[in-house]
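Common to both upcoming complexes is subunit A, partnered first by subunit B, then by subunit C.
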Partner chain A sequence: MPSCAEVHSFVAVEGRRLYVAEHRPEGAIRSAALFCLPIHEEEKSVYRPMVDAARLAAERGCMSLRFHYTGTGDSSGSPLDMTVDTLVRDTLDAAQILRQRSGVEPVTLVGVRLGAAIALLAAERIGACAGVLLVEPVPSGRLYLSRARTRKRVRRMVTAAEGGEGVADSLGAPDQPPAGGVFDFDGHPIAPGLENSLAALDLAQRTAQLPVRVEVIEIAPRDRISGSVERLGSVLEARGARVRVRALVAEPFWNNLGVVHIPEVCQAIAGFVAGD
Partner chain B sequence: MATPDELIPPLKQLIVDKLFLKVDPAEMDADKPLMDTYGIDSVSLFEIVVGLEEEYGIVLADDEFDIELFRSVRSIAEFAASKLDS
Partner chain C sequence: MSTLVQARRHRSGILVLLRAAAGRVRAMQETLEFVSNGLTVRGIVHRPEGRTPRAGVLLLHGWGGTRSGPHRILHSAGERLAGEGFVCLRFDFRGRGDSEGEVLDHDLNTMIEDAKCAAEYAHVALGLDTLYLVGICSGGEVAVGAMHDGLKVAGAALWSAPVFSADATLSRRARKSASYLRDYAAKLFRLETWRKLISGRIRFGVIGRVLLGGSVHQKGEGERKELSASERLRGGADSVLLIYGTADPIAEEAIDRYTALFERSGARVSLHRIVGANHGFYSWAWHQEVVERTAAWMLAEAALTAP
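Then we have the complex of A and B:
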């Protein structure tokens, strides 16, 4: 049993209904953190580890809030209306809910994969921000879309090899959207609005000042920072952030299909949001 | 230009790293069936494809997603050598 109070609720925001889950420490609230998860298949893989991280954070005096983006999970709306802007809007709304419930003004943002990119965009507009933790951030929407397509092709290839539907039959013409323009990524729709806004997302091109504490965690097979993450760190420093970049040796948990335990990542998140 | 034999050692290392295999890369048999020997699934194959892209800049064309390509370390090395040569 978690040693914190957990409250699940819906909050009406401008005609939408956001699902939020709060993890409240038993003692005094010393900090507040908002968890920004990825979307689609990655969200499913990351979900439970982030619950674990939020509970761990609560044990260290940090009140955490998790939420479902509009059009996903228990929140209202259609996934076909999702764009990068709606993801950022939901994040800002959830941050405000967290402020009201915790009584803590400067919130910390924790983002994983695409959620990290969203957290970073939200941090530009959030006002009082105690810090941003980016876990294996998606640096560009184009790369994200490309990898999503690759993952789909690999899955179809394996399915075809096992006697299932053939690759050519199931994928159709490469990268050509079907009628209506909605791509199917492993059962999740990516409508033109989301696809176009993702294609325009490039963290390296952002220039707004961001004078906050930022930690970038790269999940890697070895304790080695990749060039792309180093570059992201440099870009953030140029924007005024106090940046720490590090690698954590762990499996790419956002791709895993089964139960995922990543205690080292959860500890790192809890430590950051608790201000360690 | 790298030959398949030259690519086999670094590819073994890449596969061990990417899939968190508890084996010594040097002990891997380049001709053994990868999927059966190491229990590789679609997630693992995806990691290998991403690894080829990150380490060698090799991007698979749509008609190259063929399971035979990933039959063994050697088959991957032969494919990688042909892509790097083109």
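Then we have the complex of A and C:
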């Protein structure tokens, strides 16, 4: 059982109802962390490890807040209205809730996969940020969309035809925009607003100064950092961040269909947000 | 059940659905907490606003999932059914999602306990005397387990529910392995696969476990054997809806087993196959078909039993 108080609630924010889950340490609050999840099916696989990480962080005196973006999980709204901007807006709103509830400023941001990119964008605008932890970040939205289309294509090769779609389906040719407006990604509708804003998202092209502590964790089969993550680290250093990049040997949990148990990743997150 | 009766029931369901669409009500979501074996289970209640509830619905997620289900399908079902006047409870089983408990300490047995606790909570705390179960994948097994243990419900919708793994036949395991093998074969056409191969990032251990039948839906050693051997349910359902995709390798065996089990128990059994759908219904069209078919069935059942 977790040695922290957990409060789950809906918070009304400008006509939206955000689902938020708060993990409050039993003793004094020494730091505060906001968790940014990925979206689509990756959200499901990453969900529980973030709960475990937030509980571990609370044991170390860090108050954490997790939340569901508008149009995802239990929050109100339609996924058809989702864009990168709405994801960042929800993150900033959740950060404000965390600051009010914890009394701590600045707060630390934690993001996994696309949530890491969102955390980084939010950190540029958050005002007081203690640090950012990026776990297996998605460096560009274009890459994310490309992988989504590939994954759908592979699944279609296996199951012959996706649900109800004919030959001229919504997939589109490789690197071509999908026909019909909405791209069906594993049962999640990706509307043009999200698709276009993802296509414009490229962390390597961001130039705003970010003078905070940033740690990038690459989940890898071996203790070796890939070229793309090294490049991201260099870009962040050029933006004034104090960067640490490291590989953590673990399975690619964000695509796992089964139960996800990754204590080493949870410990790494808890250690970062607690300032260990 | 004969084809004639099924067809009549389908038509009846559609008529009820069309009538209800005009009078659909607003639904509100509230947080939910109850205690199961000393640990807090957390979730969401979808409540219809401004009307007396028709009945309660427990939405049961799968083995590695959360209360939203794959592609948020349990959320969609909760919203849809609450709009028709059903109070819907979605919750994370212990050791999953937001609920308490360690991930590795919980299995199908504890999930069944949680479902029975949720039914008790719905009855005692929310005053819901009539209950339906909706379970996806292992959530369907949980529904069957709860009924085996004595839970009596008005209806149960099983979406892609496998038979208990202790009961799985060699042929089923072979079909699943063949399905995964096709998946990996298709991946050979991807440039990314070859990049991973060259850079040593292919996880052969994971592939081996999947192909040899382990990993993906391994549910622990403690699975109760009597669930697999069950000839009768101590509880049960008046009506059962089975929904499976035709591209789901576990479908045929499960359809045979569950049809026989529930017909022996005296339930009306309806089967809906979704052409081309895989195990998780991973497409928006399949997602909608599952939810709408379930809503039509539940409305028809509620109309049959309404005073």
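The criterion applied here is as follows: the second predicted complex is superposed on the first by the 253 of 276 C-alpha atoms of A that agree within 3 Å, B and C clash if a C-alpha of one lies under 4 Å from a C-alpha of the other, contacts with A are read in each partner's own complex, and residues count from 1 in each chain.
We adopt the following convention: a residue touches a chain if its C-beta (ideal position, glycine included) is under 8 Å from a C-beta of that chain, and two chains touch if they have at least 3 such contacts.
All figures in this text were calculated on a predicted structure; none of them were measured in a lab.
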| item | value |
| --- | --- |
| First (subunit B), second (subunit C), both or neither touched by A:His261 | second |
| Partner chain(s) touched by A:Ser9 [first = subunit B, second = subunit C, both, neither] | second |
| Touched partner set for A:Thr150, first subunit B, second subunit C, both or neither | both |
| First (subunit B), second (subunit C), both or neither touched by A:Gly127 | neither |
| Touching partner for A:Glu251 - first (subunit B), second (subunit C), both, neither | both |
| Touched partner set for A:Pro221, first subunit B, second subunit C, both or neither | both |
| First, second, both or neither for A:Ala21, with subunit B first and subunit C second | second |
| Contact breadth on subunit A, by residue count: subunit C or subunit B | C |
| Doubly contacted residues of subunit A, that is, touched by subunit B and again by subunit C | 147, 150, 154-155, 157-161, 221-222, 226, 251-252, 256-257 |
| Subunit B - residues contacting subunit A, complex | 17-18, 20, 41-43, 45-47, 49-50, 54, 60, 62, 65-67 |
| Complex contact set, residues of subunit C against subunit A | 29-31, 33, 39-40, 42, 44, 63-68, 70-73, 75, 96-98, 100-101, 103-104, 179, 182-183, 186-187, 189-190, 192, 199-201, 203, 206, 215-218, 247, 274, 276-278, 280-287, 289 |
| Residues of subunit A that touch subunit B when the two form their complex | 147, 150-151, 153-161, 167, 171, 174-175, 221-222, 226, 251-252, 255-257 |
| Complex contact set, residues of subunit A against subunit C | 1-2, 6, 8-10, 17, 21, 40-41, 44-45, 47-48, 51-52, 72-74, 76, 79, 147, 150, 154-155, 157-165, 182, 184, 186-189, 220-222, 226, 251-252, 256-261 |
